[in-house]
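Below are two complexes that have subunit A in common, paired first with subunit B and then with subunit C.
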Partner chain A sequence: MIDPLIISAIANSLIMGLVALGFTLQYVTLRVPNLAHTTICFSSAYITLTFWLLGYNPYFGVFIGFLESSILTYLLYNFLNMLKARGLDDVSLMISTIGISMIIYGFANIYLDYLAYVFKTYTRTFTLANADFKLLGIPGVIYISLILFVFFLLFFNWLLSTKFGIQLRAIVEKPSLAEVHGVDVKRVVGIAWFIIGGIGGIAGSLWPLWFQCDPWLGPLMLTSIFAACALGGIKSILGSLFGGIFIGVSQVILLSVLSDLVGTWIISFKTLIPLIIASLVLLFLPEGIMGKIQKYRGG
Partner chain B sequence: MALIILDIILDVMTFFFMYLIFTSCLNLQQGMTGLTNLGLHFFAAIGAYIFAHTAFLALRIYGIELDYIGVDNNEAVFVLNKLFSTDLLTPIFTLFLTIILVMMTCAFLGYIFGRISLRLSGAYLGIFWLCLADSIEHIGMQYRPLAGGNQGVLLPDFFKALNDYSLLIQKIIVILISIITFALFKKISESPFGRLLKTIRENEIVSQSIGKNTNEIKVKIITFSSIFLGVAGVLVCLRTRGIFAESFNRIDVSFWPWLMFILGGSGNLLGSLLGTLICVVIRRIVLYSKFYLTFLPVDIIWIEPILLGVTLCITLLIKPRGILPEKPHKLKY
Partner chain C sequence: MSHLVSKKILAIFIIVLLVVGIGAYFVGQITVVKPSPVKPALSGEIPIGVLHSSASEEGYFQSAINIAFEDVNKWFNESGIPIKFVPLIENAEESTTKACEKLESLIARGCQVIIGPQWSTTSLAVKPIADERKVVLISPASGSPALSIAGDYFTRTIPPIDAWQLVDVAIAMGRGINVLVVVYSKDTFGETSIAALEKIAKEKGVVIYESFAYDPTAKDFTVECSKLVEKYKEAVSKFGWEKVGVEIIGAGGHCVPWLTAVEKFPELWKTASFVGPHVAGATDVIKYTGSAAAKSGFTSIGPYARSPLSLSLKTRHKERYGTECYTYGYAAYDAVWIAALSILAAQEYKGEKLIKVIPSISRVYMGASGYCAMNEAGDRIAMDFEIKMVKFINDTPSWVTIGYFDSSTQTITWVST
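Moving on to the complex of A and B:
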């Protein structure tokens, strides 16, 4: 039997790594921090809940969660392009993503109210940890998230070596130059957003299988994910994965160590850890760890 | 009926004038200087937390020992309400002292954090303030000695001696402070200093090339607006007669003012005024309709964030410069 603390650390870091990956990919392709990313990703958690309430295996939610998140992210991408075509600056585009986040947050609350009304149950906060399967005493979410994490790493490694990946890399380096060379920037970035939105959706749909979920989770996770991306390097895909894992582990392990040292009262300040890390990184290491390494190498 | 309508109008007016302080500050920071701030709730929360401690200063003046932020909060409020019913000087002195303390603390913190944040700009700067503000909200919610934690702190009626006019006086104070703030910010925006701010917003290098220390000016702007944001925090608590850390959240205190600011028109104070008015009226309508739409299976209050988002997106799409866009300044020769 593995310590639940270790399970929490693994699940937290893997899920956060996947969500952080999407945030960074969106940032490097459009140069706009998508503040709705976490709200979209974790909105798929309600799909997992719905499947469970309907009596199905909650893992069915993973497939629908992928679709829901990728469609929402793709629509958001098109909306941002429309705004960009009207000459809006980066800050205005970022603010518009807040607007989208609030729309999803509002609908999520209405949907949960509706679920509570239909199924006559409490849906404001929920966890489906008991609905998950166990193998060798370890919850299924650990296996699934680990498999998905490795799969997406391999998938991205393969994708970046394809023609599509090379086009995407060219866009990341210089969008205007890529366009001159005949790359359909909107189509390529649109597909990339569709895929990364879906990956985030899968991560979000796995969340309630171990952790507690509520409608505010998505907007709340924004600072954690941002901290992860900033720590790894906001422009580095590998860095965001590392940052996600670091923040995910530190939120659980560091907190456990601190609670042993100073007392259990520190646990209620869990969400402060990424906030403090984000603030410190933004101020003292704005290029992130990967950026620093690149600078050190002379890149 | 007439009294109810009057009460509703007063309620909308108080809300409007309270938000006007936030939008005016945002207009000064983002609209005029280009300093993105997504964490307006940081200084508002600081102001509220200070108020949680100074509000009960009167207890010390009267020589009463009570744990007013903890278990004795209800008793402290009861005792103070009783004492304030015959004394007007002590509560006014307490309020005055609170506002002075809040202004000083917020100015100090605004200067420190403004200086620290100088190396950031645009979206990064906005997210930095958001992180900072969310941190302080979270600390307030978890650390009970600061502002009562999740349960909050109830406040006494500072104008109890005025009996029926107490609420009216509180609303008048909110309106007066807001008008002063707006007038002051309007004066700044029309002054040569206001034009300098716009130059920094448009092209910082140009401002530096004509010998202006843009960093110092930016710090001044953050410090100056922090003072008013802190005071706005006190006014929010005075109105609700309680200090609840969760009421200083990003949606209510930062995102809504952003919508008001964008809807009205960035860089134009009159636009901010119009945007604030429209949003406050819409929000109040949603709130009042909650009491009539009880038959619905969902809580109508969730329409609010949807309205916020939809209005924000439509405004950015149709009128990105707002209803009243910024006009070029006419020089008087």
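Moving on to the complex of A and C:
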């Protein structure tokens, strides 16, 4: 049987990686950090809960979670575009995403109360780890998240080589130039946000199959995701994936190693780990690891 | 001639009588107090604030508070008292800064008494504002001894944490345990609880082999559980399996994630004693982590009252919400009643008056969580406890009562199951 620490590290890192990927992609396409991203992603955890409460396999929630998160993200994108058209600067747009995050948080609470009312159970805090299947003693969430992670890596690799992908890359480089060359920037970025949101939603829908969920989970995860993107390189897609994996693993394995070295007192400072990493990265490596590598390659 | 004199005297006499009579009438008007019809000092809608520490605490507490407000308003209506209490609900969202803002908001909307908060950390944060603004807090769950201050505006319908830890130590001793491995949440509640546990354990001859803190905001306790297993195994190798127990100190909302982590470590499935956060009878423990709870013999405590109100609340909560009333929900129910009865007794909705009335109301109030008498610091003096354990009953995890703790004798009466 595999050590639960390893399983926890794998689950944490894969989910973090997928969510961090979305955060970076949204940033590079719109140049605005979407601070509602984690709230939207983890809202799909309630879809998983709903299917489980209805008596279905919670993995059905993955597909609906993709749609729910995609639609919310797409609507947010259009909202931000509308505000941008009215002359709001990037900082104001970023702050408006905080407002959206709070609205979604409020609706999450309402929805969970509704589920509690209908299904006669507590829903504000839940975990569905017991509902997961096991294969060779390993929880299903590990297999599913690993498969999806590899799938999306390959998917993005393929997508970026298509016409759509080339247009997207052009927009990321220079939106104005891409527009001059006939690229419908709004449409391409809108589709990108739809897909990105969906991927985050898949990650969020898998979360309760190993970890605890509550309405505040989304806003709370923002620090870790930001740390992941900062570490990998805020403008690097591959970097954010790597950063998410690193942060996810460090929160489990690094913490365990540190507690062996310095004592169990360090365990209570668990949530400081991503903050410390983010601070160190911003101080000494502001372009992130991938940014440094690209700089080194570019000369 | 004499006839004329008599007539004159009679006329003068009548005039004098008239003057005196009329004068007396007017003087009487000034001095006589007319009885006026009795008007109630308070009437209409009175807002009572409810401040939750987090979304999960709101999920646990609000149902019992809803029933309390309905019961209170129904009683006032049936008694012909023209008052209706309206709950104004706010959530601190796990932030002490937001808690202070939400408290100010409730005060601005006319609340002079607030039910809550639950977490000791939140209570400590908002208490200075409540004291300054002379607004009463009645917490149904904050157990930190740091809140035991006479003359302030903080009261609670639970005894301070020492009373709860006394029960946990009594459970360990009752099971023959004299070594404990403890994990506690790194917040005011956890830190004051471990201090209380260490003090009581020392007095009773129980050794705390190892204790360490965990981050209460974490959503996964796998690492913490792995360390707990490590320390537990060390203790067992030194003292023997039958002498070592495990205790987790934390908010009720941490129970499900902890048991989720325990499920992953078979070493914790067969401890001699496994005592956790105070959530005896909680439905979500069975719903989400029933298997782990039953495997590990998860034991917890909660208020135990023999009052008809207790049974009534339990039954109605189950009928309406489909779940058992949360352990501390009984104390929350009583907090609402004490607030309402104090307002009625004070005949004025002002915190300054209410804080003087609440102790005397609490002394005569027998509620859903039992007899709620408070001391001069506003702390509930005593509470009896029910000890429950999760066991497999016909292959289904279920809460089973295994004992009762009597606060007056400080002993446990074990129930054979």
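Observations
Operating definition for what follows: the second predicted complex is superposed on the first by the 297 of 299 C-alpha atoms of A that agree within 3 Å, B and C clash if a C-alpha of one lies under 4 Å from a C-alpha of the other, contacts with A are read in each partner's own complex, and residues count from 1 in each chain.
Note that contacts are C-beta pairs under 8 Å (C-beta built on N, C-alpha and C of every residue); 3 or more make two chains touch, one makes a residue touch a chain.
These numbers were taken from a predicted model, which means no experiment stands behind them.
After alignment on the shared subunit A, the placement of subunit B and subunit C results in a clash. In the overlay built on the shared chain, the residue A:Lys292 is in contact with neither subunit B nor subunit C. In the superposition on chain A, contact is made by A:Trp210 with subunit C only, not with subunit B. Looking at the shared chain after the overlay, A:Leu5 reaches subunit C, while subunit B stays out of its contact range. In the superposed pair of complexes, A:Ser96 makes contact with subunit B only, with no contact to subunit C. With both structures placed on the common chain, the touch criterion links A:Asn109 to subunit B and to subunit C.
In the superposition on chain A, contact is made by A:Phe79 with subunit B only, not with subunit C. Shared-chain residue A:Ser268: touches subunit B and subunit C both. In this superposition on chain A, the options for subunit C are 8-16, 116-124 or 350-358, and subunit B clashes with just 116-124. Common to the subunit B-facing and subunit C-facing surfaces of subunit A are residues 109, 113, 117, 268-269, 271. Residue ranges on subunit A touching subunit C, taken from their complex, read 3-5, 7-8, 12, 109, 112-113, 116-117, 119-130, 210-217, 220, 252, 255-256, 259, 264-265, 267-271. Interface residues of subunit A facing subunit B in the complex, by the touch rule stated above, are 32-33, 79, 82-83, 86-88, 90-92, 94-96, 98-107, 109-110, 113-114, 117, 219, 223, 226-227, 268-269, 271-272, 275-276, 278-279, 282-283, 286.
Of all residues in subunit B, those touching subunit A in their complex are 30, 36, 38, 116-117, 119-120, 122-124, 126-128, 130-132, 134-135, 138-139, 142, 250-251, 255, 258-259, 262, 297-299, 302-313, 316-317, 320.
Across the complex, subunit C meets subunit A through its residues 54-56, 58-60, 93-94, 186, 210, 212-215, 217-220, 222-227, 231, 253, 256-257, 260-261, 263-265, 282-284, 287-292, 321-323.
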